[in-house]
Amino acid sequence: MNIAVIGGHVCSPDIARIAEEAGKGIAELGATLVCGGLSGVMEASCRGAKSAGGKTIGILPGHDKAAANRYVDIPIATGLGYMRNNLVIKNADIVIAIDGKEGTLSEIAFALQMKKPILGIKTWDIPGIIKVKDAQEAIARIKQRG
Amino acid sequence: MNIAVIGGHVCSPDIARIAEEAGKGIAELGATLVCGGLSGVMEASCRGAKSAGGKTIGILPGHDKAAANRYVDIPIATGLGYMRNNLVIKNADIVIAIDGKEGTLSEIAFALQMKKPILGIKTWDIPGIIKVKDAQEAIARIKQRG
Amino acid sequence: MNIAVIGGHVCSPDIARIAEEAGKGIAELGATLVCGGLSGVMEASCRGAKSAGGKTIGILPGHDKAAANRYVDIPIATGLGYMRNNLVIKNADIVIAIDGKEGTLSEIAFALQMKKPILGIKTWDIPGIIKVKDAQEAIARIKQRG
Amino acid sequence: MNIAVIGGHVCSPDIARIAEEAGKGIAELGATLVCGGLSGVMEASCRGAKSAGGKTIGILPGHDKAAANRYVDIPIATGLGYMRNNLVIKNADIVIAIDGKEGTLSEIAFALQMKKPILGIKTWDIPGIIKVKDAQEAIARIKQRG
């Protein structure tokens, strides 16, 4: 199972902590973390996943796989710019949105369009998002789904 | 100048009337209408533009340019699926959002990301959208911008 | 009918003359010219088409429609880089290849894959290309096809 | 290091054997195999890589990661159709082309465009390809490069 973590490339320390916990929880579920491969929420979630021995995929906007953050195991360069947001969602079975701005909003839109379950922590208030208060609750909800 | 009209491929007669008026207004401004090239709001806006002698571009999700609605002058096949939403916005100088669901939300997100002015009529309530009540007000606002 | 002209963004004066004649011939056939929108063969063919009152579409690799050459009527920005080569072919009913390097080779490959007729003037020697000696012969062949 | 193996989705048993040996050799070099994720040369090379404990990435044309052949460790769904050929090359440091038709030709073109070393076994005769007679020679050449 692939779980995407989406959120901004810049974030506060509090948001980074949530993203890191989400990544750790994903690894502990035995799932693969998929993200956009860059900084901020993406990097924090990958760091969390690696701290628990997980596997991380970073689907990058640019042409060079070397642009991935250091916690990405499998960087995928696309050269698609923000269209790569669609690929992040396409490769996820479940999506966790944490904070985020317009880029994250486009990913939320694509997740709703592809009818993928999407859990939201301190993010856009869009109907269809399952609101949770923190990473622990997001992971607990995913565990319940089985 | 290119003005995009975005909205669902299925819509009510009321929404279609608004889309048609927006298309007509765009043509009267001397601008080119850009849209996703299919049915619903896209088709109604193209019909409006053509009724006033305007020019219409339809950027299609599929591989076949013959899939465009009959009011599209310049169909562009992309084979990009919903990623083509990004191209609709990329080719617009100003965006008018009318009604719409998740696809429209992804276009709104891309418009905000690319910092393009976006006017909204009965659509998603997202910060950054300039809310207007109808097509006439949208066109009047665009005229004011010069 | 859309006819693509493909070839390099840099070319000799002789190749530019052929491209210009091809563009003129396309316009005289009443067809729309599709190309990659930039310099070299693309610009020369657009100039030829406009000299005969034709219509030109330029499908651009970058994010900005202003990058098109001055003879493009309908610039389409894609942000797809060289992947836009696929869109040039997708939007053509017939392809004319003139000279060209690796980018042109990728377009020839896509044309063969999509089973679109492809006429070649002083270009790659690939089975499936209909070799012609100049623009006049290319246009004559297209006229014969009806 | 990522090494792409490119070739047709249908191939003869002889070509499949070469692809399998190439995949095995890539794994023995400690490199990751990147391919288009489907059948034919792609599947045979992945099978070879897995037989030697290697890692395999399949960059798929469709929307569903479940479409990958059974020897792909990391399937990446793109929904880009044949444009995904560009992503296969973008994610490779070195390319091995084996047999193949128009799809493979487009990948060869992109490899030349991106100036990536490309070794060819019984494939298109295009200047810039380093011709080798079999998988062993391809792997030996890559080892020499260091």
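Letters are used for the chains, namely A, B, C and D, taken in the order the chains are written, and counting of residues starts over at 1 for each.
As a convention for this text, contacts are C-beta pairs under 8 Å (C-beta built on N, C-alpha and C of every residue); 3 or more make two chains touch, one makes a residue touch a chain.
Remember, predicted model here, so these are calculated numbers, not experimental data.
Repeated interface: B-D and one of C-D, A-C or A-D share more than half of their contact pairs by residue number, and that pair is A-C. Between A-C and A-B, more contacting C-beta pairs join the chains of A-B. In whole angstrom, the spacing between the mean C-alpha positions of chain A and chain B is 30. With centres defined as mean CA coordinates, chain C is found 29 Å away from chain B. Centre-to-centre, using mean CA coordinates, chain A is 41 Å away from chain C. Contact with two or more other chains is made by residues 63, 79-81, 83, 86 of chain D.
Of all the residues in chain C, the ones that touch chain D in their complex are 80-83, 86, 102-103, 105-106, 108-110, 112-113, 126. Interface residues of chain A, counted against chain C in their complex, comprise 63, 79-81, 83. For chain A in complex with chain D, the residues that touch the partner chain are 2, 57, 59, 63, 65, 74-79, 86-87, 90-91.
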